[in-house]
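By written order: A, B, C and D. Residues from 1 in each chain.
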Amino acid sequence: MTSATVAVIGASGYGGLQTLRLLQGHPGLKVSLLGGERSAGKRWSEVCPFLPLQDDPEIEAPDPDRIADRADFALLSLPNGLASDLVPALLKRGVRVVDLSADYRYRSLDQWSQVYVHEASQRHREDHQLCEEAVYGLPEWNGPAIADARLVAAPGCFPTASLLPLLPFLKQGLIETEGLIIDAKTGTSGGGRAAKEHLLLAEASESICPYGVIGHRHTSEIEQLATQAAGNEIQLQFTPHLVPMVRGLLATVYGRLRDPGLTADDCTTVLEAFYRHHPLVRVLPVGTYPATKWVKHTNRALLSVQVDHRTGRIVLMGAIDNLIKGQAGQGVQCLNLMAGFPPTTGLPLDPFYP
Amino acid sequence: MTSATVAVIGASGYGGLQTLRLLQGHPGLKVSLLGGERSAGKRWSEVCPFLPLQDDPEIEAPDPDRIADRADFALLSLPNGLASDLVPALLKRGVRVVDLSADYRYRSLDQWSQVYVHEASQRHREDHQLCEEAVYGLPEWNGPAIADARLVAAPGCFPTASLLPLLPFLKQGLIETEGLIIDAKTGTSGGGRAAKEHLLLAEASESICPYGVIGHRHTSEIEQLATQAAGNEIQLQFTPHLVPMVRGLLATVYGRLRDPGLTADDCTTVLEAFYRHHPLVRVLPVGTYPATKWVKHTNRALLSVQVDHRTGRIVLMGAIDNLIKGQAGQGVQCLNLMAGFPPTTGLPLDPFYP
Amino acid sequence: MTSATVAVIGASGYGGLQTLRLLQGHPGLKVSLLGGERSAGKRWSEVCPFLPLQDDPEIEAPDPDRIADRADFALLSLPNGLASDLVPALLKRGVRVVDLSADYRYRSLDQWSQVYVHEASQRHREDHQLCEEAVYGLPEWNGPAIADARLVAAPGCFPTASLLPLLPFLKQGLIETEGLIIDAKTGTSGGGRAAKEHLLLAEASESICPYGVIGHRHTSEIEQLATQAAGNEIQLQFTPHLVPMVRGLLATVYGRLRDPGLTADDCTTVLEAFYRHHPLVRVLPVGTYPATKWVKHTNRALLSVQVDHRTGRIVLMGAIDNLIKGQAGQGVQCLNLMAGFPPTTGLPLDPFYP
Amino acid sequence: MTSATVAVIGASGYGGLQTLRLLQGHPGLKVSLLGGERSAGKRWSEVCPFLPLQDDPEIEAPDPDRIADRADFALLSLPNGLASDLVPALLKRGVRVVDLSADYRYRSLDQWSQVYVHEASQRHREDHQLCEEAVYGLPEWNGPAIADARLVAAPGCFPTASLLPLLPFLKQGLIETEGLIIDAKTGTSGGGRAAKEHLLLAEASESICPYGVIGHRHTSEIEQLATQAAGNEIQLQFTPHLVPMVRGLLATVYGRLRDPGLTADDCTTVLEAFYRHHPLVRVLPVGTYPATKWVKHTNRALLSVQVDHRTGRIVLMGAIDNLIKGQAGQGVQCLNLMAGFPPTTGLPLDPFYP
């Protein structure tokens, strides 16, 4: 195992922080550059007194030449839209990129522009071909393509937790493609580190609320993958909720079995078969339902499935840590594949319960 | 307005505590007896140093004769099964009862025995007629019957939050009766005050998890009322989730509109029309979604509705304080009607935000 | 009891919100004007969908003439410094003022300028006489003066919780005036509603930390009152801590008894004697310690005292709701006195536990 | 580095769980036996579905012979009193022991019996000599003795956080030994995993309260070590508070400098000098105060010191994760020394912020 170097751009946000933390103990990936806009020019320890980094590096404004000089890979953790300003220049200079934003999650730039209207209105993107080239970074589904990719778009947190339990059933044609409902719940760190009133402890704690009830932007991202897996167009209902906790994301997915004779045991076997060789997904026994606490601070997804014969419904559950398997950890998992390491390298599997 | 007396049985649990707190400031209902099993013989201040009651009464083992001597009404906040031991004797002595447990929520004793198997196995109930007589205490739907009732079964917390937004649409035949899904989220106080490992702060905080994924006991309670409103048999999917907060309950209900031309504005008008004269239910404008914090420590339900024309789905949301509108407050609202007071008497309407 | 009118200036912050909520049910004080800078021109329901006000008033930029036209009293809940821009004009027009900020808490404008350096640097205040005239609004200590005042400076949250248990012992000379230590703990709502990174749920929850370890601005405010009560100059140690909860403030005060023979019972008697006729302060029995949850959403202070004969130390504890007894509720309590109402009028005394 | 085997007794409590989690990734210590009373006979996965262990071992009732057959070391995480039933037999069979309970923290069995009155009343201990022999397992202070010990008593969580900042100043005679005050704050996991009403989320969240205000049992434990370091008898004031969070413990320690000329910089240098070669203690720069979130899920203690020249006081702060550096992690740190590994082996140093 040889070692590779990584530039982390957007280092002081939650995605960047997690990445740095995960790479601290990584045996093969070394952080060689910290990039950031707002904190450029500061020593790392000024920005983050609680995660000491060797030699206390200075945060730099992201410059493609400097990044290419110093790093094999760049992991970008920037607000939507900003990555597309940087990625073409990085790829041209031979830097392979994992982007945590939504900029390259759609095969079509037009679709991105329709979903991310505000971001699209502020810049003129012409990187159609990069959108087509980019690999959707769900390693359990696109592992080989990720390994060879120049550009990986790490999935959103909601899509990760929703798709992992859902895709096997769509792929095998076991559930109806019409009428899917995803009711998802996330901790507040999903909203990022920038201060917003509704994410204050005083506002968000001791409360749960739905938001983006129709038209949340992750809907189309989930549909794109679901459609690919099913082989026919899928439109589904997706409702996120804000939960008073720092981390954790749970997707409860409601579908309808095509064969009403399938049992919860059968369906659990389906999941187990799909993820047998994927150590970062674990399927729970029938009747055990995943608590997000069970995956906190890990890169694991916990899945469970239940069947209601009264109603003919299948209920799929997926729990992840939104900042790790839902963001930075999945990014590192992609880097592992791209650099030739086993997928679990350097990634935490077990929670520090409670 | 004359004054009536109330015995609160099960005073030191959360339902009892809330009832006592609400009746503290009530202009027409006076607490005249505190009943409880475990704390019988103790002064109230020993059990509860933070809610001083006038004359610091002693908690008594519940005795029908003494209750009848001292109270016009009894509000029972006991574990499931125990109310049915006490209710027949109270009614015989002329005490009118509001029961916060599930014992009289079903018209049929047989159904209760099938749903509350464990409780049914520990006693022999023969009060079929009381089950038929009891009025389901959802005041916005059964107001006149509650006013005249000898025995009111206050609804469960999940049914309250689910039925309030759903019933108008079922009643008017606006949504399909097949395929309804209720994804509900509750704070941990719904599990009661008895110490259980999974409700410890260390376990329950910083986590969300589904439980009772099929067959939760409130499913049948919701179905009973939904069936009555729709006029035909309804089977639905109900999944509760445990949320890391003390109070608050949100139901997100997914249905399908019969007329795909209906808009969110139309559906909001439907709700507003139904609840125009019900001050304890408030309908939010389209696009404003209820946070449970907005109803914390109030007896209000906040409703909202959204329509997704892409999928033909209606999404209904209902938020309540599970211990007030979902339990004790609703019980007091029933007492108000039974005693001839306006429904809001003594009940908090506005939250102490944040 | 006749009715008086109140203008609430700074309506959409936490202090303003609490004041509006408290005055909603007040039998004698009516809100007649909402003032605010940032939200001026908006309807109240746009700013605050969860606390409906009658006729949904518009928020106005604070104008002394309009305020004087419409209100007997003004309650100001503005960032430090801003009240002093408005108060002289209000008093001149005959509006009596309760100010929740620190602008008039010091008898000396010079001291204010030394403590609130930043605010002082941004304006030129000359209202020395108003600083001298203003009454410190701790109603249990300055009740008669508050009743007659034109201008009341409501105390800070930390001073309220610290001084209520401490002042009786200083006044009676029962504890040494040297070496006092106040270790205080507050919920995050004390930091206000403006979005700040360190008050995000993701940052502040699951953590406790000290801040302002020496030189916190409430130190001098506490010392001013302590010095007055003791009759000699007091310098003390004050350390606040940020606690992961919305509301609640606890002060743990360490002193040394002058007479080592005094017991916890004796000291409890001292407190009880002082607060016998003050219904908004309650003294707990020896060995019962106040949880902030016991005063949440109330205008009560809970006090407790313990004595350690091994060390000769007295430990005083004071718990309040920082936004009510520590801010808006205390402001309303002052308004009650100024308007001739009993101090508890319209104020909640009992918590909705849990 | 050779490998050693460890029996973890009391595996399903928080101390046991943490130990198992920490040893999962340990390169030199292998768990060879799981012991427990209540869960004896069950497979590990039944008790703990979220932390899969290799081969899913069965939990066994702790038997000294079997433990000796299978393990070089035993780590005991049992309720106070129970360890002393087991330790003599283990030592006799050559098993070296780290005990997380208080049973061997006092040099004198008599003192233990006076402090742990209830536990002492339920058994007859005669292991005076073991009490004298046992090494207090604070590795930064007793490293060499721990390395050679047969029996190590891991410190309590409050003593760890309090002593680490305090001992250097006592040892060097820089602060007065009279009048020390420790105001400590802990998350609820410190109360263990057994269900207790006051530790329910509904009770403990959104509240802070003092407890054990005089005479908490950790007082004497802290005094024993402080006395040793200072060389003269120390009596101090210790007040713990329960904070609404899962993990984390902060001690705020108030003392008085002997030399009033010492600055915060001087005092920081004192701490840095003491802990220069101790990677599990980190001293923060002057003016940066430790949040417990900064050490969550790590075995690090963060220290900070501030000086108030007005009052002559020194304020010392120590933050730890109560279940790791305050319990299981410190136990593993001791095992590392006993087994000849570097102290940090297998222990997490950096938090997964936020």
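Note that a residue touches a chain if its C-beta (ideal position, glycine included) is under 8 Å from a C-beta of that chain, and two chains touch if they have at least 3 such contacts.
Since this is a predicted model, take the numbers as computed values, not measurements.
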item: Of A-B and A-D, whichever chain pair has more C-beta contact pairs; value: A-B
item: Centroid-based (C-alpha) most distant chain relative to chain C; value: A
item: Selected pair, out of A-C, B-D or A-B, that shares over half of its residue contact pairs with C-D; value: A-B
item: Centre distance in Å when chain A and chain C are each reduced to the mean of their C-alpha atoms; value: 45
item: Approximate Å spacing (C-alpha centroids) for the pair chain A, chain D; value: 37
item: Geometric centre distance via CA averages, chain B-chain A, whole Å; value: 39
item: Residues of chain B touching at least two other chains; value: 14, 187, 189, 202-203, 205-206, 244-247, 291, 293-294, 354
item: Footprint of chain A on chain B - complex, ascending; value: 179, 181, 183, 185, 187, 202-203, 205-211, 213-215, 235-237, 239, 241, 243-248, 250, 252, 254, 289-294, 296, 306-308, 310-311, 313, 315, 317, 319, 354
item: Footprint of chain B on chain D - complex, ascending; value: 14, 187-189, 191, 193-197, 199-206, 244-247
item: Chain C-facing residues of chain B, complex; value: 14, 17-18, 21, 24, 48-52, 189, 205-206, 246-247, 282, 284-285, 288, 291, 293-294, 297, 302, 323-324, 348, 350-354
